[in-house]
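Shared between the two complexes below is chain A, which has chain B as its partner in the first and chain C in the second.
Showing the complex of A and B:
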């Protein structure tokens, strides 16, 4: 039981981290909380389903195209909805909340209420250490999720674009004085945040089929991870996601399966009591 | 001459006015409300209800409507939330002036709605919310023309477990009024039948059931009684296949419709084969001529056979409501309750007669017959009751 709960905790934790990265990036750079994050995750799942299942495209191409389409949609949302609200965080919060409701209802109208699942990449299950069976699709999702997380770290920590992102998130005015076009950076960052939600969506849709409202718990968990790890911290997302995944599964294994998600909130409250800015968050000056 | 022209104009005007008023009178309808989730996690039920409503109103109005007027259904979305359900019910009564309300598929929502029904003295026929307290409260205006937890457990599930000679069962229930209620009744029934069992609760919103499934597997049961509704059931069955709980253990979907949803096979894959589920509908077993008529009308209207038995449940309840209104000869609440209590109507699932003895969940309750069906090579095979069986359990 311990081995399976730990392994499942790590897999689910990595999935949580991946879903939270996009939220963290947008909060860190733009100070915008995207309430429609979960619906963009679902949108990518639907795109992937249509392209791979209905149109018969290869699943890798379908996933890449789905992420690209959501990236473009994110840029469109930033340009039309978010940009006019800069300077007032509350407006962007309300607008993305409305967008989430509109998207949920649009999905219901277009795709119907039933769950949709793009084709899996691999079938069957692996007998891990001779102790338990674990779904191969989940293992593949873990690997794909780890690759995307590594890509984001390299992008942010090792590239010129990442240096601009970090500079702007630390001091926007100083970055502007040094010639950074922060308007364009906002647009690209928001698009990237949406693309990360989409990456999580296309990786997980073959494991957890998408429905019009399935994005709500995804977004809620992503927000918990971001707050737990510290607003805007990429390491915070990874550590926060893994902690949640492990606590949830070990709690379900040894205390009760009926309160799986309650354990998350207990951990969140305990951490915030000791570190109000989250595990890796910076204290406000 | 001029006076004659004026007279003609006045005559035309009067005739036109009379025609318009006459048309308006002819269009007057009797409104019946329906409550159910059209959005939220159980929006599939709303879709099934919409289909059943269309077929039932066409059927009733083609046979003369109610009290000589057309029957009109007003469908209020509850989103599966008790607060929205109660306010939606109240809107139907105060804004739309409905004479009766039908529907619902969430027990927690129905438990909120029955309080409103009783306060406004509006007859309410619950269709697919199974929790016993809905009728056990013995409210005068509350009826249920659909399965109750105690009926499904005591008449179908527990008897089937004994019939198949299962020795060890595992009960897994979602943390809702329906899930916890049906699990408690199952525990009592299995204890009485001498079947060994264990039990755990899972979260309704949970997508991942690996930990639950590893606990169940460690118990090594013959049968898993899964009281998990909606998409959660698809996750549960697919993951039960991944951890190799099946085919050694037989999994029973204790609700039914999710095992018949259009993308069931795509979502659960081969793990779906040999899964069992309870259902009041089977693709080849039709208990009454009206069931055949319903299927034919459904295929004609929607281009394929019904995929969720709740479309037929709401269809039946509309027929029951129309019959009661016609027999009452009035839309007066007391007369409607009286007529409903005297219902003796053949619908798609059998003959409806509501219990009138107070003191338990049988009051104002009609339990339709339920079947236990197994997927065998993607074909539905009825296992229970024996008189309706079309095959034997495969493992």
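Showing the complex of A and C:
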């Protein structure tokens, strides 16, 4: 049971990390929290369901297209809703919260309250470490999550675009003085943040089916991960995501399944009490 | 606005309202009672969001705290509902104080995140602790008056709404209220002039939570059934969109928003459960194009009307 709970924790933790990376990137650059993050995660699940199941596309193509569509949607949201609120953090909070409720109700209207599930990638199960059998689909999700996380790290740490991202999140005005078009960067990074939520969505949808409100707990956990890891820190997201995934699953296995999302909240309170800047956060001046 | 003018308008409006039970049937009185509940919720949320610039997503949750505290006390311990409502209000303000102290020194985003988490956790606890709260089945509670009549509840809610508005008016147009707006406009400048920013925010948060607890407690006893719907995020969203559409940061905005949206939702209900979606779209458009809401629009149309109070974007990161 311990091994199985740990394995589940790792899989879901990787997805939390992925969702949190999207939130963290946007917070770091724009100081905006996207409360509709969970609904974009669900949107990608629905897209991949429609493309692969209804239109009969190959599942890889469907996933890539779903992520691309959510990326475009994110850019559209940034352009129409977020951009006019620059410098007024309160309005971006309110707008994205309204957006999340609008999207939830739109899904409910279009797809109904029933769970929808895109087709799985692989079938069967693998005997892990000679200890227990584990679904191949979940193992594949873990690998896919790790690959996307690695991709984000390379993008941010090694490329020219990543250098612009890091410069802007450190000092926006200085980056502007050095010729960075921060408005365009905001648009791209908001889209990228949404695309990361979408990536988490398409990876996890074959394991946990999508419903109109299934994004809420995932987004809440992603927010807790971001606070735990430290706003804007990439490593914080990975470590925090894995910690929360493990805590949630071990807690569900040994204490109570009904309360598995409450453990996250207890962690959030402890972090706020003891170290509000988070594990890897830098104190803001 | 001078004090006398405020009280004149308030009591004149309340006087007109108190004639309503003479002319309205039960259904329309019900709509009025629900509107008064939303008036209390939206006005007290406005204290926080409109006057100190902090967005809390736990306002409906605090109403739920008030409702469930009072309801559980009445059902399990036979406490008088009126005493229960007062204890519920106290419980909401204590919890508000706790959450406020916990996350308000970090400000802005942290408060929004924590309050969102808080309301989600409250939902989980209420759903899981079936023995105490009856979960999603709802908790049946006794009423506030011996003999059930819509008119009696209407007058109770009207009185509570007046108390709420008077408390808010006293606070907003006092020196403390000046501090609220100073903190909203520029935290650092306010701090440099000796305003204790954290204390001001915690005060606003506590008062606003207490008023939500009061509203929730009364509303629960009116419905005779307390369900997890009261502290849900959907309700939080309704309160938020009423404030945004009516006009955040203006005293009258939430009042107008609460009445117009509640009445509108009754019309939409005839076509199905679309009102949340419709309000969401309206709220998005209003928040995007008229950030001061209907009140802001009215003020800019009327010559010599008061200038819009808020939303001068500050520069850079705060």
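The criterion applied here is as follows: the second predicted complex is superposed on the first by the 282 of 285 C-alpha atoms of A that agree within 3 Å, B and C clash if a C-alpha of one lies under 4 Å from a C-alpha of the other, contacts with A are read in each partner's own complex, and residues count from 1 in each chain.
Here is the rule we go by: a contact is a pair of C-beta atoms (placed from the backbone, for glycine too) under 8 Å apart; a residue touches a chain by one contact, two chains touch by 3 or more.
None of the values given here were measured: they were computed from a predicted structure.
Engineer: Have a look at chain B and chain C on chain A after the superposition and call it: clash or fit.
Structural biologist: Result for chain B and chain C: clash.
Engineer: Would you check which partner chain A:173 touches, where first means chain B only, second means chain C only, and both and neither mean what they say?
Structural biologist: It touches chain C, and chain B stays clear.
Engineer: One more residue to check, A:211. First (chain B), second (chain C), both or neither?
Structural biologist: The answer is first: A:211 touches chain B but not chain C.
Engineer: Once the shared chain is lined up, is A:105 touching chain B (first), chain C (second), both, or neither of them?
Structural biologist: In the superposition, A:105 contacts both chain B and chain C.
Engineer: Based on the superposed arrangement, let me know which partner A:12 touches: chain B (first), chain C (second), both, or neither?
Structural biologist: first
Engineer: Once the shared chain is lined up, is A:258 touching chain B (first), chain C (second), both, or neither of them?
Structural biologist: Touch partners of A:258: chain B and chain C.
Engineer: Just chain B (first), just chain C (second), both, or neither: which does A:77 touch?
Structural biologist: neither
Engineer: Which of these chain B stretches, 79-87, 205-213, 241-249 or 349-357, gets into chain C when the structures are overlaid?
Structural biologist: Among 79-87, 205-213, 241-249 or 349-357, only one stretch of chain B overlaps chain C, namely 79-87.
Engineer: Which residues of chain A are in contact with chain B in one complex and with chain C in the other?
Structural biologist: In chain A, residues 105, 217, 256, 258-259, 261 are touched by chain B and also by chain C.
Engineer: Along chain C, where are the residues that touch chain A in the complex?
Structural biologist: Spelled out, the residues of chain C in touch with chain A are 49, 53-55, 57, 102-103, 105-106, 108-110, 112-114, 116-118, 120-121, 124-125, 127-128, 233-234, 237, 240-241, 244, 274, 276-277, 280-281, 283-284, 287-288, 291, 311, 313-318.
Engineer: List the residues on chain A that touch chain C in their complex, please.
Structural biologist: The contact residues of chain A facing chain C are 27, 31, 33, 35, 80-81, 84-91, 93-95, 97-99, 101-102, 105-106, 109, 172-173, 216-217, 220, 223-224, 227, 231, 256, 258-259, 261-262, 264-265, 268-269, 272-273, 276.
Engineer: For a test of understanding, state which residues of chain A touch chain B in their complex under the given definition.
Structural biologist: Touching chain B: residues 1, 4-5, 8, 12, 53, 104-105, 108, 112-117, 120, 123, 125, 132-135, 138, 208-209, 211-214, 217, 249, 252-253, 256-261 of chain A.
Engineer: Quick check: in the complex, which residue numbers of chain B touch chain A?
Structural biologist: 39-44, 46-47, 175, 200-203, 205-208, 210-212, 214-215, 218, 231, 234-235, 239, 242-244, 261-263, 266-267, 269
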